[in-house]
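The following pair of complexes shares a single chain, chain A, combined with chain B in the former and chain C in the latter.
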Partner chain A sequence: MNTLKLYIKSIGILLKSHLQYPSSFFMQTLAQLVMEGGEMMVVILIVDRFESLKGWSGGNLYFFFGIMSVSFYLTEMFGRGITGDFPSMIRTGRLDTFLVRPRGVLTQVLCGGTDPRRITCIAVGVAALIMGSNFSNIVWNPLKVLVLVESIAMSCLLILGLFMIEAIFCIFSVKSVELVNAITYGGRSACQYPIDIYPLPLRALFTVIAPFALTMHVPASWILDKPLYGWPSWTAFVTPLSGALVFAVMTVLFHLGIRHYRSTGS
Partner chain B sequence: MSYIEVNNLKKNFIVKKKHEKGKILREKEIVNALKEVSFSVDKGELVGYIGPNGAGKSTTVKILSGILTPDGGEVTVGGIVPWKERKRHVKNIGVVFGQRSQLWWDVPIIDSYSLLRDIYRIPQGDYESRLKELTSALLLEELMRTPLRLLSLGQRMRAELCGSLLHRPQLLFLDEPTIGLDAVSKLALRDFLKWENDEYGTTIMLTTHDMEDIEALCSRVMVLGHGKKLFDGKLQDLLERYDTVRNVKIKYDQTATNLRLPEGVNCNQTEDGIELSYNPAELPTSKLLALLQEAGNISELTLQPQNTDHMIAAMYKELDL
Partner chain C sequence: MPYFTVFKMRLRMELQYRGAMIGGIVCQMFFGLILVALYRALYAGKPQSIPIESVATYVWLQQAFFRMMLASDSELVDKIKSGDIAYDMCRPVDMYGFYYARIMAQKLMGSLMRAVPMLIVAFLLPKGWGISLPASFLELISAIPALLLGLLCVCALENITVAFTMKTLDPRGIQGLLNLLMMTLSGNLFPLTLFPESWQKVITFLPYAQLLDAPIRFYTGEYLPNEAFRIYGIQAFWVVILIALGVYMWNANKKRMVVQGG
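Moving on to the complex of A and B:
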């Protein structure tokens, strides 16, 4: 509880810092809107051109896009310490200052960064979710809301976990490793579409290694009343938990990595 | 047992060499940053830790503060092994890094302090009284609502010190605290550190290149070079050992003709007079003065005070650092 309070207060302070430069902040927030709006346009154009994709209607595609957008940018907004700032925390020695305080390192890293400009991206995602829901005629009930919330929360943990791979490399090599971007940013671009449009190797990648299919596509299919790739319907509640699993494993590895932290000169 | 116990501390770094032609893999080199360093520090001591750049000073401080894990040796601070029980250990210590900030850059420093209160879980009443005491001692009252980025270097160092002492640490590490400060700020900072040490018996360990810091503050000094401890004792003892060159400036009424000086004295005739340098161990000052007086009527004579920086430089040279 105390940790959560600390997190909220830290984020508040960071928000205050961002607003020290209001014009820059608003311009960048606007730029984010244009960027994510552009992504959304691509989906709209595809839907306009093809109407359906491998049996998925336009509304379904908006729904998938919305879940990915909301999850990804929520993670970037609240997990900025891991998704964006971590390499610079190592380079500038900010990690050293975290290590001399009586709190968990990961807690402090997460308390150390936020990216409120992503709010417009999240808004686009929410709009896509609402559009998708309307066009797909989803009949909402409490259970479906629960599964949607679970799916988004677990996807956030998954994305955070994947970015932590990069952070762990960073502890050893000081510089960031671009290769990992293939499954983080690459995963976002690929998995905003339903997984079964892809060939088997890609499907395997996003089910076993970076299980977006488990945290997003299975529960989303269930909410859309579609067959779950031949799996029983209870799996829609269980498979998203793989996100928490990835996060837990990465947290353990992260702390092992910190033990071998070498610090930078001063 | 002493408060800080360090036995045979070792730390290696693997450094990758530059890429050589015709080789696919870069060669690695192991650098021994610390080779079996041992020392102990009692509660309430004020210790200066000096040595040339790259001697291993910061590495020692980083190990003692729990940032780095050593490759060998034993360390306990108040009975705790820093890197094994990091959280329990760092509750009792404060660290000020000369060149990196612990506070938040863009917000008023009071906000940073209130966040530190939450991080260290300091009870509100204790926090308020301590903050009041520190802000008045460090002359920060006027600056509390100013963002850190708008503070001058001296003000920022004072703000950092306040932040690192809010939780009443028993041990304070200072890594080059006076770097880049003007004379007034330096003196104020030293006074404050003395006060903190007197008032609360806070053990203070500081690394510095500024010998005046050591002279003003530290009863004890440790010299580190090439990862080894080379000296540990009183500053005065260290200086006497390396007090090998002294300078005298002298001016005569008329040109002194029969000035005869023993070997080992360097003599330099300048427009302003004569500059001499000698080794007090070979030629006692009284003897030299007698010789100088015999040579003619002295109109001006200055014995230059021993320059600590020169002495330390001589020591580094002699020890091949």
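Moving on to the complex of A and C:
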């Protein structure tokens, strides 16, 4: 609890520091809106031209897109320390100061960065979710709301876990490893559309190694009353937990990695 | 010609970064594969008048020349931020031309080094997944001047972005906005050939479509060789306008340049 209080406090301080340059902050937030708006426009153009995608209607596609944007940018907003700042913490030696403080390293890294500009991306995601829900005529009930919340929360943990792979590599190599972007940003691009449209190798990658399909597509398709692969409904509640699993494994590896951390000395 | 020397030096320097390139290529190829898979799935439901092979070719060419669009001169941005740009103003060359030559070398070499290996792999992929051969030899020949004019155009756009950085001293904000506009309107995010037809009429006239969309349309046979001079005309028009605008903005900035001391 104490940790959580600390985290909220540091987020508040960071937010204040971002707002010290209001015009720059405003422009950047606007740029984010244009970026995510552009992505959304692509989905709209696709729906306009192709109408449906392997049995998924336009409304369904907006829903999938929304779930991905909300989860991905919530992670980037609150986990900036891992998703963006970590390589520079290693390079500049800022991480060293964390090691001597009486709090967990991961906690401090997460407390050290936030990215409030992403709020507009999340807003676009929410708009897509609402659009998707309306066009697909989803009848909401408490259970479905629960599954949606679980899916988003677990997807956030999954994405954070995947970015931690890059952080772990970075501890050893100092340089940021661009290759990992293939499963983080690549995962975002691929999995904003339902997984079953892809050929087997891509499906396997995003189900087993980076299980976006399990945290997002299984529950989302259950909410849409079109269960993925016809799987029974209990899977919608269980499979998202794989996100927490990935996060747990990566946390353990991260701490193992930190033990072998050698400062750059700068 | 000092500008040509800068261009040559920069070409050599860009050649040094071969290590950083491999990670970038693998990433870019993966993105290309995902996009082609998506368009194939879409085409399976509702085929369009443009064949899927052309769309796959479009995607691969866009990915291969990605570096041409999003490469910026980080040294220049640092100089603007630190104030070292003042030294450049003392040089006996025109600043705009100097940096134009630099960015052109960077974009040309950066994209060629990535495009060649990527396109070789893309040619080896099965038909409908990879890149197809050009529509005809004549089309390939007409695509090359279009690509060069596109390069001139994108460098002029880059220098306009830099002009904004000189004003705001912050390379994010409006620059991010301009880059995103470029990604969308140049066909990187979604092939311009799949935009609604009524939009395409307007979009293909905008400067962003001159960068890669025009040469790709020659390659895939969307533009016929006998239209070549009309297209080159539009491209050249934008090159002149954008360079004029850039030179004007740089000169205006030079007069009110605030050097960050210290």
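Odds and ends about this structure:
Note that in this section the second predicted complex is superposed on the first by the 265 of 266 C-alpha atoms of A that agree within 3 Å, B and C clash if a C-alpha of one lies under 4 Å from a C-alpha of the other, contacts with A are read in each partner's own complex, and residues count from 1 in each chain.
Here is the rule we use: contacts are C-beta pairs under 8 Å (C-beta built on N, C-alpha and C of every residue); 3 or more make two chains touch, one makes a residue touch a chain.
This is a predicted model, so every value here is computed, not measured.
In this superposed model built on chain A, chain B and chain C occupy separate space and fit side by side.
Using the contact criterion defined above for the overlaid structures, shared-chain residue A:L99 touches chain B, although it does not reach chain C. Of the two partner chains placed around the shared chain by superposition, neither chain B nor chain C is touched by A:L241. In the superposition on chain A, contact of A:A182 is made with chain C only, not with chain B. Of the two partner chains placed by the overlay, neither chain B nor chain C lies in contact with A:A127.
Vertex at the C-alpha centre of chain A, arms toward the centres of chain B and chain C: the angle is 90 degrees, rounded to a multiple of 10. After overlaying the two complexes on the shared chain, residue contacts for A:L6 are found with chain B alone; chain C is out of touch. When the two structures are aligned on the shared chain, A:D48 is found in touch with chain C, with no touch to chain B.
For the pair chain B and chain C, the least inter-chain C-alpha distance in the overlaid model is 12 Å.
Interface residues of chain A, counted against chain B in their complex, comprise 2, 5-6, 9-10, 13-14, 16-17, 20, 92-94, 96-97, 99-103, 108, 259-263, 265-266.
Note for the complex: chain A touches chain C at residues 24, 27-28, 30-31, 34-35, 38-39, 41-42, 45-46, 48-54, 177-179, 181-182, 186, 189-190, 193, 197-199, 202. Residues of chain B touching chain A in their complex: 13, 58, 62, 65-69, 83, 86-88, 90-91, 93, 95, 97-102, 104-107, 111-112, 115, 118-121, 147, 175.
Of all residues in chain C, those touching chain A in their complex are 20, 23-24, 26-27, 30-31, 33-35, 37-38, 41-42, 44-46, 48, 168, 170, 172-174, 176-177, 180-181, 183-184, 189-190, 194-196.
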